[in-house]
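Inspection log for the structure reproduced underneath, given as structure tokens.
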Amino acid sequence: MSDQNESSREAVLDFERASRIGLDEAVFCTRKSAPQIESILRAFDARDTACLLTHLDPEKVAALARELRAKLDFDPVSGTAFFRDPAPKPRALKVAIVSGGTSDAPVVREAARTLAFYGVEATLFQDVGVTGLWRLTERLEALRAYPIIIAVAGMEGAIFSVLGGLVDSLIIAVPTSVGYGVAPDGELALHSALGSCAPGIVVTNIDNGFGAACAALRVANRFSTRER
Amino acid sequence: MSDQNESSREAVLDFERASRIGLDEAVFCTRKSAPQIESILRAFDARDTACLLTHLDPEKVAALARELRAKLDFDPVSGTAFFRDPAPKPRALKVAIVSGGTSDAPVVREAARTLAFYGVEATLFQDVGVTGLWRLTERLEALRAYPIIIAVAGMEGAIFSVLGGLVDSLIIAVPTSVGYGVAPDGELALHSALGSCAPGIVVTNIDNGFGAACAALRVANRFSTRER
Amino acid sequence: MSDQNESSREAVLDFERASRIGLDEAVFCTRKSAPQIESILRAFDARDTACLLTHLDPEKVAALARELRAKLDFDPVSGTAFFRDPAPKPRALKVAIVSGGTSDAPVVREAARTLAFYGVEATLFQDVGVTGLWRLTERLEALRAYPIIIAVAGMEGAIFSVLGGLVDSLIIAVPTSVGYGVAPDGELALHSALGSCAPGIVVTNIDNGFGAACAALRVANRFSTRER
Amino acid sequence: MSDQNESSREAVLDFERASRIGLDEAVFCTRKSAPQIESILRAFDARDTACLLTHLDPEKVAALARELRAKLDFDPVSGTAFFRDPAPKPRALKVAIVSGGTSDAPVVREAARTLAFYGVEATLFQDVGVTGLWRLTERLEALRAYPIIIAVAGMEGAIFSVLGGLVDSLIIAVPTSVGYGVAPDGELALHSALGSCAPGIVVTNIDNGFGAACAALRVANRFSTRER
Amino acid sequence: MSDQNESSREAVLDFERASRIGLDEAVFCTRKSAPQIESILRAFDARDTACLLTHLDPEKVAALARELRAKLDFDPVSGTAFFRDPAPKPRALKVAIVSGGTSDAPVVREAARTLAFYGVEATLFQDVGVTGLWRLTERLEALRAYPIIIAVAGMEGAIFSVLGGLVDSLIIAVPTSVGYGVAPDGELALHSALGSCAPGIVVTNIDNGFGAACAALRVANRFSTRER
Amino acid sequence: MSDQNESSREAVLDFERASRIGLDEAVFCTRKSAPQIESILRAFDARDTACLLTHLDPEKVAALARELRAKLDFDPVSGTAFFRDPAPKPRALKVAIVSGGTSDAPVVREAARTLAFYGVEATLFQDVGVTGLWRLTERLEALRAYPIIIAVAGMEGAIFSVLGGLVDSLIIAVPTSVGYGVAPDGELALHSALGSCAPGIVVTNIDNGFGAACAALRVANRFSTRER
Amino acid sequence: MSDQNESSREAVLDFERASRIGLDEAVFCTRKSAPQIESILRAFDARDTACLLTHLDPEKVAALARELRAKLDFDPVSGTAFFRDPAPKPRALKVAIVSGGTSDAPVVREAARTLAFYGVEATLFQDVGVTGLWRLTERLEALRAYPIIIAVAGMEGAIFSVLGGLVDSLIIAVPTSVGYGVAPDGELALHSALGSCAPGIVVTNIDNGFGAACAALRVANRFSTRER
Amino acid sequence: MSDQNESSREAVLDFERASRIGLDEAVFCTRKSAPQIESILRAFDARDTACLLTHLDPEKVAALARELRAKLDFDPVSGTAFFRDPAPKPRALKVAIVSGGTSDAPVVREAARTLAFYGVEATLFQDVGVTGLWRLTERLEALRAYPIIIAVAGMEGAIFSVLGGLVDSLIIAVPTSVGYGVAPDGELALHSALGSCAPGIVVTNIDNGFGAACAALRVANRFSTRER
């Protein structure tokens, strides 16, 4: 077999993506070996460009060359890493990330880290579950200050509908693969978000904190927060 | 083919059921023709016994013999009928039936009518949806007066979890086949009820208002309401 | 059975919703009978308030009282109606709605009509399919002018990913129930949108043009278009 | 990212839950690390409050601080633990837990232990399967003494229907993930319970012995056993 | 297009099947038009051969030529017909067909009629449901006289397991598409039969009474009933 | 919790099963620990009774007490064992087991060993696949000598239909969990068997060689092979 | 709403498609109204261009303007039509279309008509089913003459694997939505084709005779039949 | 049990397959143990015949006898091996294999290696994804030179439709099990390929690079590339 790409491996990376869609190409590490990741990082390094890695596990980090690892800011909870300091301009966008507990933390942090890569500091509300509704109603005024709310939930995902009836912000629902029995893999939370009675909720793939952050950044690409 | 039952058709009916399980055999009409229903009603008539019919449609009612129809109390919304007056002793059991709107009315009324057949008058709260949460919180004290709450909901069924975190009553969730897209047939509401974070919610089949009422009656078979 | 809501039917409607979430309660007509719709319209009429109806079919319109019908602006393609002139203040929000052909027209128009009810005039691009890619690339500059793009597609929904790699706008994907064989009910297009490689695409329920429009309006609640 | 909850971690726990719903917040350990569990236990310890842990595995128990472990009553079969002695007032509620064999023991014991945490001593009937029907019929009178029967079964779950036609008690069906081939994960037993011909059976999520016990406790919150 | 079969349409029929597998080719009418059925019947007529038709509806019967209709013994309940008198030699095979009620009658009769076409007179037990277990236990001795029992059931199909633990006969389970909610189309009964704890139950497709009868006839092809 | 069975553990075993259904209770080992299996074997030992174990793995065998292990005839391919020599009377029943290759061997041998436990020696045809049809047609006469054919196949299971059109024997189809992609777990082979065009094929659960053998033994309970 | 396409409706059609992919744009009529079809036909008429319509039903044909209808060659069995005579150059490509009976005729003819539109005359073998294997083996030499075989089958689709092991031609499998019970909608035949043991079978969507013909035409675009 | 095949194990292999279908029997290793593979290789060795192995893992290779391993050309990425040098005559067939990145490499290489076994050298285009559309459009002329394009993609598989609208070649789509959330196992890419709007795309099982190559070889069996 002959390979049309082998000679100029760097060509594979889409360095022009940010100019088209306002977002850089991130490196999704699930099926990539440590050597493959290493060769990608060197391509970024050669261009003095930072990059975001997702779905990265500690074993692969440990297998990277020391000088690359030294440039890596790795967060094991979310499996994200910044290669080289992105040093983004801080952006004024206010984003809240709401979740029900520690089980959803990996997805919450993937969203927060993706936003941070682009200069947006999100605020986390990590104990807002539906079963103890007072935890949500007590925070309602605080939550209303955020024009974008990323809501992260597994199991039956009832929080999406409750929030959607209480605030006028853009709500981006991220279902998570937390649950068991009839709700093993996030499909129930996904369907609850899609089938919600509350109008105007939008949804990402299961566990896709990265995608929710990118959607928020797409808003920031084109809009400015309105003063109330 | 020879038929071991044909000679004594009446034997098919389980007239002793109430003595075993505290509930009479109800007539589920979906796949029964009008003549088949008629012959069953005559068997009850011959024994001077009332019966409850479910999933009955107006066309079949219209096709029954006039003298049987005269003894029928038919409710077209729920598709239930009482054949002969059951004249039950009123029971002290307090049951609330909670739902979000007119779409769930057939199931709500099937539950209420089944309870009425056995002498229990349920109270209906038919506009308690999650999207307008104030409608639920305003009624909370009223709802807490009921030791059994039958909650009826379609779509994403978020009400089950919200209720489950607010009251200490027995909550019987009845998912309904109301919805579209990812939630066409009640499966989403069913899974939301089963996979709820709120502890101790129990669930019936989709659209099974009859079953929820029977579960409440099973409680009444064996328990007395405790004074608070 | 006794009904806690029957006495004051009007209470069921959530007239305060707009103040909470920036969107009025719309009337979803699928399981509502013409008399039920009529009684809801009279409640709005009594308050001199306009309302949006969705999933309304011509038979029910024909069954309404003449004086109500006279106040109805009905669009049979999308099954939407405005009751009383909403007379919204025009809003500066620029929204494009992109689709591949006439099959998706009902959903496209549901989104457009919902936006119109709130004073947003959307621009439609109704022949942008992936099979004839030139129809998309020719329009790319025109599309980039819109900070929000609602993309409507059935079948395999390949347009979502292609668009997501070409523009930096917020893309709201609406899968439609157009297709056959392995793709009969919109689930394939839904999953293609959710599972897209393109970062930051958000998704609504199948055929939910109304929901996509509401999400765009949630953005408009809180943001102003940024000059480029 | 900034965290609205980090400063006062204890606030996350819902210590008021029992006053609302008659059940304390239990600690579901599946996605919680040993350090996270440890910090939760310390919060309970600081308030001199007992708590119930579910889905806890021996590895996490072994990783806890010795002084916490000393206060832990751990049952490896069910994966439940009592932290500090709950010392409940014994309750008069009579509950039978019925199952077909050793495979269902983890779920049976999760239900029994949850009841014990609240002062209810359940009676176990662990060899009642449908294939050897005499084992059920021989015990029928004994079973009828229990106003609540928690029935635990995997595979095709035929026991739910058989029991439902023989006793007038409240039957709470718990499908289990025991089986293979077409019945690998408990869905068949779940559907058998929901779709049973026997009237008034209510159902919990797959393997949810905890939920079934909580439902029984909800009955006990509000009802007293009736003398026969 | 040219057609390799058009010239000799009769060739399509497999008149030699009985010599190979002991069963004639039956005519499955679902997607066949009345003219197509008519042409098939004429082919049988020309050979003085009887045939069995299944899934035939009254409208198609009415549309057949009068002289063909005169040779048709049609049963509208099961949708089966005998074309020309099969006049089979009576066979000694004893087959019981067990079911729970009138809803399963079409499938019960399809099995009985198929057996009758081949000279086997089945005995029907049509009121043997699990909810009223006494109806089964009372008949147990009678049932044990049959070395082959075809069990027909919809909903949760609990009868398959109960029977399988009580008799030593060959049990052929036929799940039916009777039910609603989680059990709408027979899949639950099918899985209950396949996943039964009782050893040695064999299963046919949903509603396939014809197939169950053919399996019984395959036994009769090769075996003789053993005296007890 | 108190346990109604603990005192007389032996009572759990159904030693009378053979007299009812002609088959002993087999020990399904999947969720049983080595100590649990050991205690069951001792109960059999105390009664001088042989038993069949299925789904047994070598690790559990190695963990048994030496004196029990000495009485165990274990087959690692099928995961079956005979505890104590069953020493069955040889039976005249002729059974063929047909399969396509080495992947199906565990299921083939589970069926063969179950038959052997009851004195039936099956003949194996292990290379009969549809892709090389000549391997089937060459053996056709040999196969026709068997009045019962157990057909074992994974993937698309085409062999069931081909066989069903060629022989007049009773065909018991056992789908296996061999395959990948759209056919990962045996469901495709299961559905091919159930949905086959060939009349009178009966089916067991996926991988259920034990069940197929039991069905053959049920035939042998009541029938004698007919001379041709 | 403003529409970017309304002014020049004709632009929607992709008249350049044939030059890109060797196939014209066909008109899929399922969700198109008669007026919409009419306006498309007029666009073709204005350019003196023939077109192929699929999934067209007689009611829509009857509703077309008479002068358009006069130019329509409509086949009601397949729901296809040629608008204006395509008058293709006959092509030498030899294609066989194999199926098991009259139920599959609509799909068989859709494939044959699509080929005819482009000048390829297919040969039909419409009685080749697996249950009567001799009908296939008798025709084997005839079938081998065709370098492309389109195999059309519903139910369990066993023919795909059998053919794939017997001929060296390109086999394009078209599963059809013929069946019932576990095989109601063509998914079983689809999976049988995809999961076949026979190497190198390729597959189209369910009922997609048009697609299979297009695949054959793509071969003809680039290849010539090799003499043997 | 007696085994009809054991004596002449070699007979299992289908050495005549190539003469029937133009493809040799390949050895699918997933459920074969190293000793089983070894015995198959010895059979080939004894006949001086090369063979292709698929789904082979390095552990099994390491467990083979040294002299067999010496004749093995093993590729760990694709899990394929050539046993003995096939030394095929080079064939003129031009095949391109297109994919989006390193995750799909195992499937890409399985296809390429299968082609190489038969003398066809494929050209790989491994960075053609839809999100960076320019990578496809830049290569379009190069791709059009190939009359057969094997397109390999996971996730939402949008590339199939885009390609299908741009080239006139035969496109064989191979969906891969790359993805997460709603797209975990390749089913989404499979359905996108089957449900594509682009006409004439044909599809193989998930991850079946071998099958796609075999389909290309079936074309080569019977056709010659046409000069343009």
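A few remarks follow.
Letters are used for the chains, namely A, B, C, D, E, F, G and H, taken in the order the chains are written, and counting of residues starts over at 1 for each.
Note that a residue touches a chain if its C-beta (ideal position, glycine included) is under 8 Å from a C-beta of that chain, and two chains touch if they have at least 3 such contacts.
This one's a predicted model, so the numbers in the text were calculated from it and none came from an experiment.
The chains in contact with chain C and with chain E alike are B, G.
Farthest chain from chain H, judged by C-alpha centroids: B. At the interface between chain F and chain H, under half of the residue numbers involved are used by both copies, so each side presents largely different positions.
Centroids of chain D and chain F (each the mean of its C-alpha atoms) stand 36 Å apart. Centroids built from CA atoms put chain F at 27 Å from chain E. Chain D and chain H have Cα centroids separated by 50 Å.
The residues of chain E that reach two or more other chains are 17, 131-132, 164-166, 181-183, 190, 194-195, 198, 205-206, listed in rising order.
All chain pairs that touch, listed by label, are A-B, A-C, A-D, A-H, B-C, B-D, B-E, C-G, C-H, D-E, D-F, E-F, E-G, F-G, F-H, G-H. Considering their complex, residues 17, 20-23, 26, 147-148, 164-172, 190, 194-195, 198-206, 210-215, 217-219, 221-226 of chain D touch chain B. Those residues of chain G whose C-beta lies close enough to touch chain F in the complex are 100, 129-133, 155-158, 160-162, 164-166, 179, 181-183, 188, 190-198.
On the chain E side of its complex with chain B, the touching residues are 97, 101-103, 109, 112-113, 115-116, 121-127, 131-132, 134-135, 139, 142, 178, 180-184.
Listing the residues of chain D that touch chain A in their complex gives 1-5, 11-12, 14, 16-17, 25, 30-32, 36, 177, 185-187, 190, 205-208.
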